[in-house]
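Paired with chain B in one complex and with chain C in the other, chain A is shared by the two complexes that follow.
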Partner chain A sequence: MRKLRGVISNSILAVALIVSVPLVASAQPSRLILDFPDLSGKASETVDVALDGSMLRLAAGFLSSKDADEVRIRELVRDLKGIYVKNYSFDKEGQYDPADVQRVRAQLTGTWQKIVNVKSRNRAGTSEDVEIYLQNVNGRIEGMTIIASEPKELTLVNIVGPIDLQKLSALEGQFGIPEGLSGDAPRKDGSQ
Partner chain B sequence: MDLEQELKQALRRVDPPEGFVERVLVRIENESSATVSQNSFGPFPRLVPRWVATGLLAASIGAVALGLGTYRINRLAGERAEGIRARQELLLAVRIASQKTNLARTAVQKTSFELR
Partner chain C sequence: MKRPGFIIAVLFLSNLLLALPAKADFREIVRSIEQKGRVQHTWIPFFWLGRMVVHMHAIEGVSDIQLATFEKSEISSIDLDSIVRANSKERWQPIIVARSNRDHEQTYIYSREERGQMQLLIVARDGEDTTVMQLRVAPERFLATIRNPGESSERFAF
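And now, the complex of A and B:
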């Protein structure tokens, strides 16, 4: 009987190993490589934010506990492992190569899913394309990537960890940013 | 007087003067306490007077304490500056991410409104 139990437990272990190895092997990293050394030279303005888990904890520690917006942000980033943002602004159109953006898209395979692909024009007639990707691992959101491209601006956002898209989106209107700045959404009932 | 007699006279037993033993003991005791007092401080008792050594030790301790205090203050100031910078970066990152997601959300809402 003891021998039989041993055989069964060994078999379960072997099956678990066989099943888990391909899963681990196919798991896509949440953090992407957002490295464009050439673009920094061409851009008139560059924003480069790289906050790993420990820096996020440090930053969250300096958020106000009295300011409601900062309390919301602290809640939003509590379980995150990193936030990486690259924003390039250019004086002229066509300064960045679409192939650079394609290099980012190429990393978004496997567990990454594109959930939004918006091609729009703002009031000034400038095209604004936004792609949002979520990394879904066993039903849990483990990462988010935003690729926002305009003729004179390229923005890449990579959030590592469980992120609440609804809460993130709801933060616009804070920090002095007028809500709906980048588009006019006619709302039937005036709600969001 | 022959030589033998002279030697006997010179080497004859003579009692010490009165109080000789006490004086010797007192002198031994004084010298002993003076030696202990000199050796009781530091490895170079004869090179540095005791008050100088004490002053040097106190100054050394003070310098080390001051150094540690300054280091700690600088470290805390550095951490605080780094934390404030990280906070500003976080607010900027969240603002950009929020702007872009809201842009997408607005566009999706607009499209769904137009389809109705």
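And now, the complex of A and C:
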């Protein structure tokens, strides 16, 4: 899974604009369908992480109250209703169709809004496309979806529940969530 | 007069009694795999002794372990997840599922809380071999498992 450096930190303004225009709450679900059996069949490896609210609260209870990082994780996680991550790895480029990703985007309508779309290329020349969507319900962020696609890898992250973006960096590299969302961590491959 | 053998036996039996509900689930899951796959799990000599050592010393945050392995079995078509769901009195929550089409491996990691203690159930298939393992773990071990799901699924892939 590649890092997604600097994505959130460059998007605070966009988030502020979105939150300042509250949308009417609708029945738009926060939890998305990320499981696509046909895609799993084509992938060489898949990792599926599903942590619902009760499991997250249980885990939060085990976190240290003295370690500052763990306190931040605990504060962020205790109100979440779930973290769901699906990672597909492929042996060859082109084994998954961009239309496969469209099946996720098709669920991100109504209260969901795209706030970030970063297309980048690392030093090895591999392209990386990161899209971040927030669900804005009456001015509150109630969900987040990250679609990170590379030629041989597709990662889908669905965070359900109220999210404090200022504390989001605490979740980087935790519970299957990619690193580098806040831009604090250097990329392992050295690219920017 | 001290009777260490008696004391050890009492300790071991009390541990077994405390673990009875979990053990029942584990047995049901193993039995169901045996019935559906028409196989017997492989007997591991002196496993009870190892289990007692784990219980007394909580090695790497694991304070109880139950293990069943099926070697060279023709159970590749069995849906292990449905067996776990059908044979658990208390719900196991699937938290990590890893599949490798390349290596024909599947790893399911489930979790649940029982009397304030965390338990993990790991069902892993590697080609013709299948392993079912139930662990009672310390909070730190449970946290480490869910905070690094990719690493955990690799560690438990037998």
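Here, the second predicted complex is superposed on the first by the 138 of 192 C-alpha atoms of A that agree within 3 Å, B and C clash if a C-alpha of one lies under 4 Å from a C-alpha of the other, contacts with A are read in each partner's own complex, and residues count from 1 in each chain.
To be clear about the criterion, contacts are C-beta pairs under 8 Å (C-beta built on N, C-alpha and C of every residue); 3 or more make two chains touch, one makes a residue touch a chain.
The structure presented is a predicted model; accordingly, all values stated were derived computationally and were not measured.
Of the two partner chains placed by the overlay, neither chain B nor chain C lies in contact with A:D164.
In the superposed model, A:V118 makes contact with chain B only, not with chain C. Once the two complexes are overlaid on the shared chain, A:D67 sits clear of chain B and of chain C alike. When the shared chain is aligned, chain B and chain C each come close enough to touch A:M55.
Once the two complexes are overlaid on the shared chain, A:D91 sits against chain C while remaining clear of chain B.
In the overlay built on the shared chain, the residue A:S44 is in contact with chain C alone; chain B does not reach it. Using the contact criterion defined above for the overlaid structures, shared-chain residue A:D79 touches neither chain B nor chain C, since it reaches no partner.
Between chain B and chain C, B touches the greater number of residues of chain A.
On chain A, the surface patch touched by chain B in one complex and by chain C in the other comprises residues 47, 49, 51, 55, 58-59, 62-63, 85, 87, 174-175. On chain C, the positions that touch chain A within their shared complex are 93-102, 111, 113, 118, 139-140, 142-143, 146-147, 149-150, 153. On the chain A side of its complex with chain C, the touching residues are 1, 40-41, 43-52, 55, 58-59, 62-63, 85, 87, 91, 174-176. Across the complex, chain B meets chain A through its residues 79, 82-84, 86-87, 89-110, 113, 116.
On the chain A side of its complex with chain B, the touching residues are 47, 49, 51, 55-56, 58-63, 73, 76-77, 83, 85, 87, 116, 118, 120, 128, 130, 132, 146, 148, 155, 157, 159, 165, 168-172, 174-175, 177, 179-188.
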